[in-house]
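In order of appearance the chains are A, B, C, D, E and F, and numbering begins at 1 in each one.
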Amino acid sequence: MSTFGFVEYKDASPEVRAIYDDMATRKTDWINNFWKAIAHDPATLKRTWESLKVIMGPGAIDPLTKELIYVAVSVTNNCHYCIASHTASAFKKGMTPEMFKELQAVIGMANETNKMVTGYQVEIDEQFRPPLQ
Amino acid sequence: MSTFGFVEYKDASPEVRAIYDDMATRKTDWINNFWKAIAHDPATLKRTWESLKVIMGPGAIDPLTKELIYVAVSVTNNCHYCIASHTASAFKKGMTPEMFKELQAVIGMANETNKMVTGYQVEIDEQFRPPLQ
Amino acid sequence: MSTFGFVEYKDASPEVRAIYDDMATRKTDWINNFWKAIAHDPATLKRTWESLKVIMGPGAIDPLTKELIYVAVSVTNNCHYCIASHTASAFKKGMTPEMFKELQAVIGMANETNKMVTGYQVEIDEQFRPPLQ
Amino acid sequence: MSTFGFVEYKDASPEVRAIYDDMATRKTDWINNFWKAIAHDPATLKRTWESLKVIMGPGAIDPLTKELIYVAVSVTNNCHYCIASHTASAFKKGMTPEMFKELQAVIGMANETNKMVTGYQVEIDEQFRPPLQ
Amino acid sequence: MSTFGFVEYKDASPEVRAIYDDMATRKTDWINNFWKAIAHDPATLKRTWESLKVIMGPGAIDPLTKELIYVAVSVTNNCHYCIASHTASAFKKGMTPEMFKELQAVIGMANETNKMVTGYQVEIDEQFRPPLQ
Amino acid sequence: MSTFGFVEYKDASPEVRAIYDDMATRKTDWINNFWKAIAHDPATLKRTWESLKVIMGPGAIDPLTKELIYVAVSVTNNCHYCIASHTASAFKKGMTPEMFKELQAVIGMANETNKMVTGYQVEIDEQFRPPLQ
């Protein structure tokens, strides 16, 4: 369920259907709930999908690594939907169980030390100050 | 600065100095403020350093990718110290400016969609539900 | 359900019942679970309700706008109960579907740029520094 | 300062300069640090600016209200840069000191009750469950 | 500094001055910046101070423990002002350096396991489900 | 459920079983889902359990107070599993309903004032700056 329910393919406007078709040419063989929920706002659906295609596609960082980063953000934000969907997506792109376990360990460790450094009110070292390049 | 100030090498107990020496055998040529701040609690320093060595070391995920994940968590948590130190560390391990830019774009996108899916109260698709393996 | 269950009207002490009655004079025709959960702590129930009445009532910002702000905070905090209750409340106070969609887009955008500016470690412009008035 | 420093107008590529010029036709008489920081990534600069123009522009919700929502998200995320820039922006668009004060009170209250409802583990009322429209 | 600057005692209205006087009868011998910042909104100053006095005063939980809890929340929220002021306050109420160190270790650990349990998408055990009393 | 399902005692490797046995010598008479989920990664299970035993055990801060701090972090992070398990654990270690209520009030208040001080962009008082000891 979602605030306005889901826009299914058969009920979609041509504008929304075109985006669903574009998704189908990619690895997804069905449209997930997130897209069907925001399809009530076709402009947002289009903008979000087009940004996602560019940002999550191949580049200087490979798509699987991008999924690991996405999961790390989603876990830190405690977003259950995003954790579920991007963990599934990462497995589909080649994440192994060993990688999953290391990913979770890194996320946990980073969250721990983020708070320790904050709690101890540690000042940033001169060597770490930007600009870095 | 930090809550209790920093424990410098010359003032460190043998226990703390042994950990600083272990750090020095690795790529760091100076001890950063975080370690010098928590060195007031040698047991925590030791436990944290030993966990970090294992978790951030080579494994199924390579050390540079682990730094990218660490930065993603730190940005999402808004931890300035950690962003500064792990961004510096990622550059040192080979992150290029292009990778940095893509990393930030992924982090931004993930934070945006995390909130959109939450705001629309989207239910998790059956296909995404664990167990996944 | 909640930690101690719910305090129903018929079982409420006179002190709690007086607050429930005050709620009933307002737009709510039933007492929601949040109030019935914290009614186990009558002093907190009273303090919270009285603050809420003042803060969310008419003022320099109208009540509907205040609900939009409440939803924005709740989505950012990922509080499902609060998102559900304040989204319902906003619709009741006149939020249209178009407003809902724009609200979610603003929340998503703000969360994205919050992280980009943080990840790039951008220093605050002199022109933005307080005092602003 | 920022990770790569700032791209000033005089040093900008024609692509970046075109975006800066577009910004200048709007109410900003100078380019702020955020844009000059991400201008190292022209594609991201362009995408972000174009999304922002659409999302923060007039619609079913007026631009000042959108700024209040932006501030609410930024405070909840603890993003100092965004709080500073969007508070300044809100004042410029007509936020009065009274509105600022009510905004902060709503943000504070929402953050408080978000956590109380979570801490008491309160289940969502049937009446609040989506779909709502 | 703060959005509107600070309301100093000598410039305060009688209403604000009465609250400052009430603060002075307690352990604080000077008014801190938070109170002087929100004193621009006397109703909020009064409401916040009166809630704080009740909530942070002696009860089933002692005032020092309440400060430790306050610090834990503030570190998790990454609120530098609150960390600084409540850490100082906790030391004043008797927190020892040993307690500070254990507090930080617990905060770090809790943040780590919060994320691990979330990342592994662990379902709540029946034994932990409320109502608990 | 969890990403890989649960490792039950009867199916556990000797390494995992040894940790489960160590848990059983303590107050838990059954292994909770968190441990059974991360048992798919025995090294992480071992490291986490051993850290937890030390950190949450008796010290300068008593175990019940540590549970209160754990709950405060978990509520602030909005981690439902952790709230459920550590609230149950706190009750088991002696938290009374009155303590629970005060704990929630402190958590709520801290979250509120964390955001007010941030929204007003209040600068840290000189008196609060570290080093504090």
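As a working rule, a residue touches a chain if its C-beta (ideal position, glycine included) is under 8 Å from a C-beta of that chain, and two chains touch if they have at least 3 such contacts.
What you see is a predicted model; the values in this text were computed from it and never measured.
Repeating the C-F interface with over half of its contact pairs identical by residue number, the matching pair from A-E, D-E or B-F is D-E.
When the interfaces A-D and E-F are ranked by C-beta pairs in contact, the top one is E-F. Look at where the CA atoms of chain B average out and do the same for chain E: the two points lie 27 Å apart.
If you average the Cα atoms of chain B and of chain C, the two centres end up 34 Å apart.
Averaging C-alpha coordinates per chain places the centre of chain A 19 Å away from that of chain B.
Looking at chain B, one finds that residues 1-4, 38, 44, 51, 76-80, 84, 87, 97, 101, 103-105, 107, 109, 111-116, 118-121, 129-130, 132-133 touch two or more other chains. In the complex of the two chains, the chain D residues touching chain E come out as 78, 87, 97, 100-101, 104-105, 121. Residues 1-5, 43, 47, 51, 54, 129-133 of chain B are the ones that touch chain F when the two sit in their complex. Chain A makes touch with chain C in their complex at residues 3-4, 38, 40-41, 44, 77-79, 130. Residue ranges on chain C touching chain D, taken from their complex, read 1-4, 30, 32-34, 37-38, 44, 48, 51-52, 55-56, 59-61, 65-66, 68-70, 72-74, 76-77, 79-82, 84-88, 91, 96-99, 101-103, 105-107, 109-125, 127-130, 132-133. Of all residues in chain E, those touching chain A in their complex are 71, 75-76, 78, 80, 83-84, 87, 103-105, 107-109, 111-116, 118-121.
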